[in-house]
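Labels run A, B and C following the written order; every chain starts at residue 1.
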Amino acid sequence: MLDLLVIGAGLAGLSAALTAAEAGLNVRVIAKGLGALHWSAGTIDVLGYLPPSDAPAEQPLEQITELGQAHPYALCGAENVRAALAWFQSLIAEEGLSYIAAAGEANAWLPSPAGARRPAYLVPAAQFAGALDRPDPMLIVGLLGMRDFYPALIAENLGKQGVSARAQFISVSEITDRRDANTIHLAQAFEQPHRRRRFAEALARLVRPGERIGLPAILGLDDHAAVLSELQSVAGAPVFEIPTLPPSVPGARLYRALRSRLRRYGVRIEAGMEAINFAADGRLIRWVETETSARPLRHHAAAYLLATGGILGGGFSSDAAGRLWEVVFDLPLSAPPDRNQWFRSEFLDPRGQPIFQAGVEVDSGYRPVDATGQPVYDNLWAAGGLLAHADPLRERSLEGLSIAAGRGAALALTRSAARQPAHT
Amino acid sequence: MHGISWQSVDHTLDACIKCNICTTYCPVAAVTDLFPGPKYAGPQAQRFRENGQPISPDHAVDYCSGCRVCNEVCPTGVRIAEMNARARAQIAATEGIPLRNRLLGRNELLGMAGSFAPRLANFGLHNPVSRLLAEKVMGIAREAPLPRWSVDGTFGDWMRSTRRARLKSNKKVVYYHGCATMYYEPFVGQAAVAVLEHNGYEVIVPPQNCCGLPMLSNGEFPAAEAYHRRNTARLSSYARAGIPIVGTSTSCTLTLKEEAPELLDLHDDAVHTLRMGVWDLFEWLQEQHDQGELRTDFRPIELTVPYHAPCQQRAHRVGKPALALLNLIPGIDVRESHAACCGIAGTYGYKTEKYRIAMDVGAELFDFVHAQGPHIAFSACDSETCRWQMEHGTGIPSRHPVEFLAAAYGLYDLERRSLVSPP
Amino acid sequence: MKRPTKRIDAEILVIGGGSTGTGVAWDAALRGFKVVLVEKRDLTHGTTGRYHGLLHSGGRYVVKDPQSAAECIHENRILRRTHAHCIEETGGFFVVTPEDEGDYPDRFKAACVELGLPCSEISPATALRREPLLNPRISRVFEVNDGAADSFLATHVTAQAAQLAGAQILTYHEVVDLLTDSVDGERRVTGAILRHMTAGDDIAVYADLVINAAGAWAGHIARMAGIDVRVIPGKGTMIAMNHRLVNTVVNRCKMPSDGDIIVPAHTVAVIGTTDEKVTDPEHLRIEPWEVQLMLQEGEKMVPGINRARVLRAWAGVRPLYQEGFSGDTRNATRALALLDHQSRDGVTGLLTITGGKWTTFRLMAEQTVDAACRQLGVQRPCTTSQTEVPGVEQGHYWLGHRLHEVEEHRLQGDLICECELVTRAMLEHAAAHNPTVTLDDLRRDVRLGMGPCQGGFCTYRAVGILHENAAAQEQNPRQDDHRLWNIAAMQSPAHPMTANRKTAAQTPAFEPNLLLRDFLQERWKGVTPILWGSQLKQERLDQLIYLSLMNANHLPDNDLSSPLTEFYRFTSVQDGEDPDAA
């Protein structure tokens, strides 16, 4: 019997699983599939823009208090968020991925794939040299034949914001003979030493003295550090990655690093296990069943942690009648009661879409609560994008919230006395 | 086209949000342009296919190996591998099936044919001239690891000749052996029977036929349906009676559980009853172990064993019970492979145009096996074609996990692949 | 008013770039007239680009409106030849569900015979074999020769045919006034003042005859000459399901009403439609009850459809004209209305053609140009019924053709819109040859953004590509040569590429960030009415891409707008606006 079953293999679920594993718990992670890490920029965004004004947050850790008491960040408090981020930074460095914070706990501002200024708090080392407050001019290099990256657009938009940038191309055939390669395949191509060398030499021919080189985020997958290092040394210039359309290579690197660390603790991530049913005795969950090729598979755990990601992650479903429901435990959701109130008329409305603030309400210990504020189940915790009263995409806080809440929930549950005794 | 209903897996294309996770993890798309990736060939292309078109619009789906890694990682539940298989069947229905694919689909017939004179059959097949001919004429890659017929009789022969020694008991299981165990590797079946009997079960081996998976993979749906209906008729009564049907070929049991019903859109009661009564052997043994009913009187096996869970085993979605149970054997050091696929994918890697792709896909696994050290005696894997591919790619013999269990019970010789006690 | 900076002289000025207007231009050009066609936005921006894509067999009208039916029967045959590649031979069913009126099916059958509409009754079992998702409780099925039509392609190739015959097509030119004068006490229309939508220049066009083919805006145009033409805008809302659930057009065998047709159009199935009188043909609101009605009615033909993924909702306005009509727009005639203002209003030099349906556009054009000949005092016969437009050699549309071509030519790596299989070359060609004020123009040309992700991936790619080409064009300006590219093949991935394709989008000021924002908004407008389930999850991923990843709402030039920006806005309850306020 498990100590903890984590449902959801996103950043929140994996942070929770690691926290619990470090505390010596016997943990398993199940997930219907893999998730948003593979779509994101690969940065750890803590808070980028403050609702409802959409003002940029320059000091995210200080400014999370401006989000109000209903916001899930209020559950952790700035101190715990800070600690969770430091914990993350340290463990991911041990897995070979270095994440850097800008000085003074400020947000770093990096180029987005469209050339906007994009706020991020912890930045993968590979992206850090792209920080827009550096004075050195940029050479943005794209691959001719790669459809997910547009250096001229990035350079022009950066230029309009006072950043000196110019665009060049290298043919994709320098790195691969394939005609149909996505970002992951290109990243794997960079792990061929002789191709990488050719590419690096092509870069060297393009770069001018004093420039830093921006490339799409495809610089290796498992061998990433070696790729980056070689490109920099051969080109003789700092090299930085700019995120691309999904699939996200930086996101995939992060997932693999976390998975690898979990394996060290003997924690399995079972993708393809969709939670379809559960049983509870009163307020104690006994088991969760996952779908298999025939009979459902039962998972018994003392504690359960739901990190299924809300609408984006598939943790919530919805229908034409305007119902929104949580798919595993049918937890009560805080949501606009009427479908007519789900959306605003502007896609890019800085106030966001009301439906995306819908979610699970939790108590200060991260346990989902009902309308009276009582935990719905005594041995169920919840964390991540599924929490109510935040729109992490609108405010650019998804990763920070996931790590902080995932860790916070796992710490709470390891301390909790209400765990079902393991031997019954 | 086979009739479509709302239950058809084709409708799961609606769940696709174009996120590219499937293509990220597809082992075939990682090594070749010939397969445009699961998202493309599955839910995306499916919107462009329909009944009764003059020609099949696309053929790249033929390069999908059916490994089902895409299904495993898809966050929204698109049944990509099944969708691809049905698209292949549609192509087959429109354009016909090449002789080679029909041949490769007829595992049972080939097995049976060779079993009458196995030594002759082995000699006839496994010589360079024959293999060259097979490649040039039939498109079967000359280097691909085709199996050898058992020269000691089939599994059925053994069951018949040893029937008096077989355990009779109130506790019964049905053993579904599959074509490979029957004709090529009866020793795997013997090890399974030994393990089951050691745990007090009477093993029933009722009349059964090929599960039809090679035909399903090659798009020959009508023939596959005939096979599945026959198996349903022969086996569902055991399921109804509550007698578990266990199998050592994880691909076969997956087919009986899920692939045949889903691909063929068969949802009637008998088919459903059979589904619910079939178990991968180690899935069932794990269940026994969870209930405290598995004998754990194991002798030590002091070996380092790289274990690869085949794609089809993972597609059962029951975790990796073989891994868990092997770890109960004292002294054993099981190393789990995290490679996606060995490449053979059933009949896929035997085809000339796909052999290289299969070997490229399997490279990660082969490297892993080698990386476990210089003194690896055996690797372990639940699927026969994967074992043959692994042996081919690593040069190291491969064994079914049940062979290790039987050896740990003192009943089986891992090296010689034979029972040690008289049957 | 500004003084016009340019002058164009023509014999016939056609106002309106929908199927009718382009049909008129084609017909008139073939008859040797010097024709100028003007359209205030992009071709098919109006009704033509917003309907369900049905090539009528006529079956819908055999009982209720035999005149319309007769026209459809006739034109259906013709269009299958002249616009072969714009038509898919889906066939059509008229199905009798348990709800359908008692004697209507027999009246239907009899009326088909009487009108000569090819119709054969088939068994429900046969129909179910062909369309397994049909309601198993259907009792009778009639098979007719409905088809699915691609009105975008058809209008573009008709315009191309007109150009090849010497016509001039000016899109993004709005008529801001008609030129009139009085000669011997008789008023006549002599031309129009055009305003280029983005450049803002005014052009004066002088013509012997002005043909008002402005569809739902015909009244607005006529008013510029002081003439009252009351066109009733009958709004029709329809929804597209994410994939084809049927490959045959399915109609309910009953008096035509809301939601009683499902049309397989390209990769989707369209359930249509409603019919509500509105006042403004421009800003159309999709009401929740309309969406629910489509799903509910669709359920009667294909049970289970209301649980399938809905892709999009949109509305068009039927221009319905009936002298003195004031009832339910569903009962207004669908027949064409050709108004000779000389006899009707004492004004020469102007004809109005309105009403009708897409299937009869050629006929409408023929009758209009016949009337034009009469007014101009010449006799020139119509040849459109025997004239094939460019591209018919491609044969009828079939669903798999793009998939097939991409595979044949190994173009997978070139795909920009993966959902709808649009290659980079297709996009560049369309952008280089059709004015691209908004990506929506490209959408109409090549189906950019029309698939499940509704522009999630391709919006960014399209903007990036157009921007690259604009930058290249700036450095190496090239002459644009229409003759090298065949609009008729614009939907074909296999169409041979020419080196000329790297010309910039034909738009005076290229603003990539604006293109991005406008298209994201345009797509949003059509999904919010149907956003739940998988499509909601999709949109959330699209938000991850454009907010979190791209930070598209903090790009430079955030305050720029295009002539279409305002058009893509709509009201919602959340904005604090009263949705019922006009």
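In this text, a residue touches a chain if its C-beta (ideal position, glycine included) is under 8 Å from a C-beta of that chain, and two chains touch if they have at least 3 such contacts.
Note that this is a predicted model, so its numbers are computed, not measured.
Distances from each chain's CA mean to the overall CA mean are smallest for chain A. With chains reduced to the mean position of their C-alpha atoms, the one farthest from chain C is B. In this assembly, the C-alpha centroid of chain A lies 42 Å from the C-alpha centroid of chain C. Rounded to whole angstrom, the centroid-to-centroid distance between chain B and chain C, based on C-alpha atoms, equals 52 Å.
Note: centroid distance chain A to chain B, computed from Cα atoms, is 36 Å.
Taken residue by residue, chain B touches two or more other chains at 19, 33, 36, 76, whereas all remaining positions touch fewer.
Residue positions of chain A with contacts to 2 or more other chains are 39, 178-181, 246, 314.
Of all residues in chain C, those that touch two or more other chains are 410, 412-413, 457, 537, 541.
Touching chain B in their complex are the following residues of chain C: 129-130, 132-133, 242-244, 247, 267, 304, 308-309, 398-404, 407, 410, 412-413, 418-419, 421, 451-453, 456-457, 534, 537-538, 541. Taken in their complex, chain A has these residues touching chain C: 36, 39-41, 45, 54, 112-118, 145, 147-150, 152-153, 156-157, 160-161, 178-181, 243, 245-246, 311-312, 314, 317-320, 322, 339-348, 350, 353-356, 393-394, 396, 398.
Residue ranges on chain C touching chain A, taken from their complex, read 288, 291-292, 295, 306, 310, 410, 412-416, 424, 457, 460-461, 463-465, 467-468, 471, 512-513, 516-517, 520-521, 523-525, 528, 530-533, 536-537, 540-541, 543-557, 569-575. Residue ranges of chain A in contact with chain B, taken from their complex: 31-35, 38-39, 178-182, 184-185, 188, 246-247, 252, 268, 270-274, 290-295, 297, 313-314. Put simply, chain B touches chain A in their complex at residues 19-21, 23-25, 29-30, 33, 36-37, 71-77, 254, 257-258, 275-276, 278-279, 314-319.
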